[in-house]
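By written order: A, B, C and D. Residues from 1 in each chain.
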Amino acid sequence: MASQEKCRIIDHQKVGPQHYKLVLASDYLSKHAQPGQFVQVKCSDTLDPLLRRPISLHQISPEHKTFALLYEVVGKGTNELTKLFVGENLDLFGPLGTGFQLDSQRNKHLLVGGGMGSAPLLALAERLTGQVSILLGAKTAANILAEADYNKLGHNVAVITDDGSKGKKGLVSDLLLERISQDSVVYACGPKSMLRAVAEICWQKKVDCQISMEERMACGIGACKGCAVKTKGGYKMACKDGPVFKGEDIIW
Amino acid sequence: MVDLSLELAGIKLKNPVMVASGTFGWGQEFADYLDLNKLGAIITKSITLKPREGNPPPRIVETPAGMLNTIGLQNEGLEHFLRNDLPFLSKFNTPTIVNIAGESVAEYVELAKRLSKEPMVKGIEVNISCPNVAHGGMAFGTEPEATKQVISAVRKETTQPLIVKLTPNVTDITVIAKAAVAAGADALSLINTLVGMSIDIETGQSRLGRLTGGLSGPAIKPIAVRMVYETARAVNVPVIGIGGIMTGNDAVEFLLAGAKAIQVGTANFVDVTASLTILKGIEDYVDRHPRSLNFS
Amino acid sequence: MVDLSLELAGIKLKNPVMVASGTFGWGQEFADYLDLNKLGAIITKSITLKPREGNPPPRIVETPAGMLNTIGLQNEGLEHFLRNDLPFLSKFNTPTIVNIAGESVAEYVELAKRLSKEPMVKGIEVNISCPNVAHGGMAFGTEPEATKQVISAVRKETTQPLIVKLTPNVTDITVIAKAAVAAGADALSLINTLVGMSIDIETGQSRLGRLTGGLSGPAIKPIAVRMVYETARAVNVPVIGIGGIMTGNDAVEFLLAGAKAIQVGTANFVDVTASLTILKGIEDYVDRHPRSLNFS
Amino acid sequence: MASQEKCRIIDHQKVGPQHYKLVLASDYLSKHAQPGQFVQVKCSDTLDPLLRRPISLHQISPEHKTFALLYEVVGKGTNELTKLFVGENLDLFGPLGTGFQLDSQRNKHLLVGGGMGSAPLLALAERLTGQVSILLGAKTAANILAEADYNKLGHNVAVITDDGSKGKKGLVSDLLLERISQDSVVYACGPKSMLRAVAEICWQKKVDCQISMEERMACGIGACKGCAVKTKGGYKMACKDGPVFKGEDIIW
């Protein structure tokens, strides 16, 4: 069950060209949230923007009773968020959705993040045990997010950029192709085109693959049927059945 | 605390706050977050005779102080509703009003007939105003003759309280309102969404999976208040006000315009407890202005 | 810089950005703040045959992402306009299009006749869509027969380019659009305001001096874009898009929907230079997407 | 002529229960603004609130190239203003309207302010010479505004409140009745009922009276005809012909 609450802002830092990290306090959320789940954020107390905006949990720290969100400014909702100061409250509703299934059978975890998709994978990396590799891709060096945090976890981190300004030049799916093996399990988050490429690679290699899908949302709890994702089992709701789906189930 | 109970179209309501069709799921989705027993009534999402998969995504897009939706009546169909959703709603002492949508007069009749046999259904809201389907829907709500035809046919088959939900996409809503009442409507609810469109300037395509969607939210409130005002003065059945109600004060505006009750739609997405906050706002207003509104 | 010039209904425009009737006064009020020579065209506030004092205040009230107005066509009448306001506008090399409103067909005809004799008037916009007057106004824009009658009559008396301004308060705007074109309209402009209402919950009365007002601003943009899209596909004369345009991107949305030009209304109140900022936004878009829009 | 510009916030203080004072920097405005004129304030960069809000000039200091606004939080526009910080910019359009006529013939000036109406009169008091008396009225003591600033000018200040919590108990028009004389000239700003009482008193005493009227506004420059005030000469525009009118001209 989710909770709608006003959470105090503990920290708010610019971490990329258009990217900010918010650290918030909540007993409930930090205790119940799972990697891959998200919160619905009320970005303003006015009528513009009107609807809440879905943002994934970036870090979940029950021990500190805090959690973090990493967001990119792309429009008016995220722009309103930049105006918030430490000590102010932010109205959040969550945790929502079905997150990643932590597959404890396998122990070769491949986390594939494209652009902002690197954000939710950190919460997952923090919980996974076994051999964990993180593949991060972005347009350019500045957009590689949270690399230091991934390094701190002691996992293997590989970086690739579209323009070669950091790591190899290419797409993160290229990295995946290099690293994937029969005993891998893949978790991916990023733009649709990347997710599709990842799902296809995994399907060819017969490897399990969980991907986090984005869709515009209103209610966040499966009531409005607004966030439909086409799957082999018909339309599923990104906010409730997802955002994490099995790669093989999606109809692209 | 003030008593806001009322009887509307023969349905006993604890208070005038209902949740609008399509914005509150089947009730169950919200039951964790608010006490359903506190609501005036729950209007279910539109149900159709057969299951409908709905429209291709994207299905929603935000617009200034509003949103467009083109859900396309996704639902599992009448039988699934009766088997799976109605039993849950029946556990609460809040009346369930079932919103129905058909592609033909025959479908509306069939739906009404079947629902008449369900004692846990306290009323039927007839959606002749859905803008997001290819067949039926709004077509029945924009022509007085078509309205009369579908409502008369439904009226013959049921003694359930009949609420007819009107579309604002008309030149004169009182013409359709009168047609619905002449055909046997016990109450009218308005407004459903206004047909709107939003274009992605990078692709040149609609931002929705279909060309157009229905506009809801605060943006449409002034239009809704005006139509409620006009309709309440044109017919002698109760009018239920809908459209952009976010606060208790918004709700009071509709009640002052002549509505006997109101429905909360888009606000449920912004705040899961919006309907109860709005109820509290109405109660506070009635406390402060004991003579302004008439409940009985 | 990209060339956005076009010919519309026989009027040569430097660019597709016009200022909407009633939101830019007689041009003079804005002349200190922006170069009127840079606009595509200036549409004057509606003029009537005789002076009109307008409606009692309050005349405006803000609503979510919009505003209601009930100015009531306050103006000093045709002769005063010709003597005092047209000479000022004539100093600029931007076409002046005069918006006219009558209480009867005869008044429209009289206005058109008189304006035909003025070489400095480059076109006439016929307002059959004003919701804020007791006689005439919107009545001519909600019935195709009435539309035909008034536009045919005006057409007979003038060779000036005729733009007919449509109201969105109709079931099907393409019906009125076709009637206007059949009667001789050279172009259509849409939308005028939607009829709305706002109630002061402390007094129980309208927040305006009259019961209802016209809703404009971003709130109505999705409705306007949809109606422009429908109309552009229903008629073979150019369509001018109006409704909630605040930015260049908003304007582009209308152009992609099928409008050949656009008008800026409420935005002029929020930013005196809005029309030129919007023009700049269109230019930037065309620079970035040279093939998306077609200017000629 | 007015100018639309972004002015830097020099100071922003809470000065009453719902009252805030903003000090802003502008060469142009501080040089050209006259007492009784106003600015149109863009309270938000979103679409809610949409229109600018008219606020009178409270202090005009060409020597410091600054000016001040005093505002009361009554709705969403003024509520947005409270969120502004020193150093940020505020988008203003002004100075607008016709302000007070500084009557230099007479030298007995009576300034009558009710509630927020005390705000614009300070700019006037700063410019007037001769014998200046300030009559301030409000609901209760806390709502008496800018009294210290008036005192600093060395003018005679009298206070009255509805509840008697400060000064006499009564209405500011009662004070006016006591003080008015044949050689007075009266300048008033406040709620409509007060202005009407002031205008009637002045009419009976045959004393000149200038009153500042409030009306809801859109354009602020006489273009939209939205801010009509009914006068003996027909509808006048509060934003252009006013906000200051002759008391005797208003049709109440």
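Methods note: a contact is a pair of C-beta atoms (placed from the backbone, for glycine too) under 8 Å apart; a residue touches a chain by one contact, two chains touch by 3 or more.
These numbers were taken from a predicted model, which means no experiment stands behind them.
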| item | value |
| --- | --- |
| Pair with more cross-chain C-beta pairs in contact, given A-C and A-B | A-B |
| Chain whose mean Cα position lies farthest from chain B | D |
| Centre-of-Cα separation between chain C and chain A, whole angstrom | 47 |
| Rounded Å distance between chain B and chain C, as computed from the means of their C-alpha atoms | 34 |
| Centre-to-centre distance between chain D and chain A (centres being mean Cα positions), rounded to whole Å | 53 |
| Interface hub residues of chain D, defined as touching at least two other chains | 47-49 |
| Junction residues of chain C - those touching two or more other chains | 64-66, 217-218 |
| Chain contact graph, described as a line, ring, star, complete graph or other shape | complete |
| In the complex with chain B, residue positions of chain C that touch it | 63-66, 68, 142, 169-172, 194-199, 201, 204, 211-213, 215, 217-223, 225-226, 229, 244, 249, 252-253, 256-257, 285, 292 |
| Sites on chain A touched by chain D in the complex | 44, 46-49, 76, 80, 83 |
| Touching residues (chain side chain C, partner chain D) in the complex | 22-25, 29-30, 32-33, 45, 53-54, 56-62, 64-67, 69, 71, 74, 217-218, 246, 266, 268-273 |
| Of all residues in chain A, those that touch chain B in their complex | 1-2, 4, 42, 47-52, 93, 215-230, 234-235 |
| Chain A contact footprint on chain C (complex, rising order) | 64-65 |
